[in-house]
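Two complexes come next, and they have one chain in common, subunit A, joined by subunit B in the first and subunit C in the second.
Showing the complex of A and B:
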């Protein structure tokens, strides 16, 4: 037991060290892929709190991403408020929206596919609403003005080169994983899982299932919105489709599902495996065989789903459990 | 401890429970029996907050509890088990029990300690790290009681806790319930197995077609003509 704990501690330290030193020896393109991996890992961790732990599969999380991206960008471009503060305004708005969506759905007992459908509808409604809001650029979206100073403007979340963005999203991801692993070891985390596993039984054992589901929805929404602000700052352009649309909604949850639903590391592992596959296959195959990269990406995804129904982390844990029971059986046969 | 007055439940014109009144005194084991469809499980669901009564009143510790949600009823000290066992399949036995223990012990270390105590009581300590999905039926029934016990109830509602068990296993559960009762927990039990009811109950309530047709000691009930008619007059 002790060696395993020490081993995983060393592994974690090595990964963190590698992650923090990457920009010193990698080129811009690799750092860009790193940013994408971390961004999607972060978003999947946020989604996982509601979708994985509590088992309420939201298919419209882009709603919160869009609220975060649009709020901070609007405040920045129209009022000059730094995104470092604007992201929290977006977070608060998304938290309110998360409460509203959660209350509306869970108060009336919506579950499974019905909950998923409502979340799709909400996000899709947001696309059309924002499309028609001229104050935030309508369908043309908003551009994040580059302040254009030498060396960027770190106080406005603008950096010269990709390294600065890399560190911002790295810290966000580390904090989100820490929060997620902290939550799951406390009463709140256990109660969320009990709701996923058997809601009636949880309620009978004194779990306020409505309350914990709404709380999970709020936390997940706030985290997702903060990620939305980062997205806007990094890509410097947002429009209703690319932040509120079904694209980001689906991408976010894919990484969590492929990596391992409801596990602490699943969302991170999912992004770590899939994002490079998507990016590298596009750059290698995109030019010569148009569309081949999507085929490859799809194939990898189907294979993972077929052979790892519980995701990559789920498979790893199953193998470890089997090895453990085999070694304890060996111990017994030796003793007898 | 529990006072039920004129309780009634209608489902779309069908009356499942009709004008039901009874009391459960502290320290008792009260049996609730009746043929299939008599309204036993509906009554349980109303007591525990899973169904709202159409009319009537449920008082627990002199507090009106109809309309409260199950988790609120649980916090007041009334816990239930389910006829069909309801484990959390992907949580360990210990974690299953901790969910109940968290009601009185918000801190995880305390909840874990309490859950281990309970697992000792229901004889599942050796299974603490086993997943809920990997238990036998007897173990699941014990876990079902353990989870409810972990909420530290004053009144425990057992819904057919012996159903599907072998004879020796039933005895096993009987011993456990009697011990817990001696330690001060009051029981209301729904059961099909007469052996369980006759062995355990201080008092028995008989339902038929949603109405109470008799109440008394097990001996009185077994001689009551109305009860015999309800059971023997039909295919049961």
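Showing the complex of A and C:
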């Protein structure tokens, strides 16, 4: 047990070291893929707190991403407020929205497919509302103006080259994984899992299921909104479809599902395995086959649901458990 | 905003005609949902595929749009059966969320296959029916929409008759009420599911052929109609066939009256608000009984 703990500690240290030194030896394109991996890992970790731990699958998480992206970008482009502060205003608004959505849905006992449908409808309604808000550019969206100084403007979350963005999202991802692994080991985490596994039993044991579900919704919403701000700063352009739409909603949850729902590392593993393959296929086939990378995502999603519904991490744990039981059986077979 | 009775009359006529199409699109989803308790999140994408088939027959093959039903309905039946056998059947007993994720994956595949093969272009078929208009006072009745409305009504009636009066239809309904009891009385539930999925998909073929004279197709056209179908099915009550028809009309009217009263595309927000309120307060639908 002790060696296993030490091994995983060493593994973690090596991965972190590799992640933090990547920009020193990689080119811009590799760093770009690194940014995308980290961004989707971060979003999946955020979604996983409500969708994985608490088992409430939101299919409209882009609602929170959009609130984050639009709030900080509006404050930045129209009022000059740095996104470093604007992201927290967006986070607060998203947290409030997460509370509202959670309260409405869970207060009325919505579960499973019904919850999924309401979240889709809310995100989709947001697309049409923002489409008609001329103050934030309507369907045209908002452009994040480049402040245009040599070396970028780190205080405005604008960097010269991709390295700066890489470190921002790397720190966000490390913190989110840390938060996610910390939460799940606490009383709150156990309460969330009990809600997922058997809500009636959890209620009978005195868990305030409504409260913990709403809390999970708020935490997940705030984290997702912070990611939305990063998205706007990195891609420097947002419109209602690409931050509130169905596309981002699906991409937020995709990697958590493929990596392993409700596990700490699943969302990260999912993004790490899939995003580079998808990006490479996009750059190779993108010219002639637009949509090739989403095609890949869809195919992997269907295959995962058919053959390994617990995702990559779930499969790994199953294999390890089988190996362990086999080796312990070998020991016992002599005695029996 | 100027508001007149003519405008209201126009909104009413358009709303009812479009509502008929919404109803036909939704009965397939309702049938599948009612029989096997699966929400097919690729429902809109099935419709999109059918619209491409209809479009190419009309635009490239010179077919009469309504004749394409002979191809779209069987083709969609076949596609539905193939997809059911290969992907839905193995996960029938899985948790509902896995089923949802699988069909979301299917919708991504279909949408992006369309993008790869047909590009992102918006395609509009120009048919003899496209500019066929009648005037009722100051209100324009588009001939193609009227035909689509009547065709939808007929198709929905035939489907209803099939489910109510034929032995196979009764087997499908029995399987939807109680899977185990249906098995006990000798119904082959497996085949029933397959048939229901095929028929639910085929109805989209009919809808696509009826729509192609007045509606464009594009890889993402299924997104909107898929959402509309969920709204209509939830509003009418899961698996409630006549409920879906009435709900289709209600949503059609909401969209068209909303569009004449509200600026821009805000009418759609109205549709989603109705959906959210119904899901929260009456998830069994406005016509459903007590049980959820």
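Methods note: the second predicted complex is superposed on the first by the 313 of 336 C-alpha atoms of A that agree within 3 Å, B and C clash if a C-alpha of one lies under 4 Å from a C-alpha of the other, contacts with A are read in each partner's own complex, and residues count from 1 in each chain.
Going forward, a contact is a pair of C-beta atoms (placed from the backbone, for glycine too) under 8 Å apart; a residue touches a chain by one contact, two chains touch by 3 or more.
The structure displayed is predicted, hence computed values, not measured ones.
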| item | value |
| --- | --- |
| Which partner reaches more residues of subunit A (counting touched residues only), subunit B or subunit C | C |
| Partner chain(s) touched by A:202 [first = subunit B, second = subunit C, both, neither] | first |
| First (subunit B), second (subunit C), both or neither touched by A:135 | neither |
| Partner chain in contact with A:190 - subunit B first, subunit C second, else both or neither | first |
| Partner chain in contact with A:18 - subunit B first, subunit C second, else both or neither | neither |
| Contacts of A:79 with subunit B and subunit C, given as first, second, both or neither | neither |
| Subunit B and subunit C footprints on subunit A, overlapping residues | none |
| Complex contact set, residues of subunit A against subunit C | 55, 57, 59, 104-105, 108, 110, 112-114, 116-118, 120-122, 124-125, 128-129, 131-132, 246, 250, 257, 289-292, 294-295, 297-302, 305-306, 309 |
| Subunit B-touching residues of subunit A, taken from the complex the two chains share | 185-187, 190-191, 193-194, 197-198, 200-209 |
| Subunit B residues touching subunit A - in the complex, by the definition given at the top | 48, 50, 69-71, 74-75, 79-80, 82, 86-91, 95, 98-100, 102-103, 106-108, 111, 132, 147-148, 150-151 |
| Sites on subunit C touched by subunit A in the complex | 39, 87, 90-91, 94, 96-102, 104-109, 111-113, 115-116, 119-120, 219, 223, 227, 230-231, 234, 263-266, 268-269, 272-273, 275-276, 279-281, 283 |
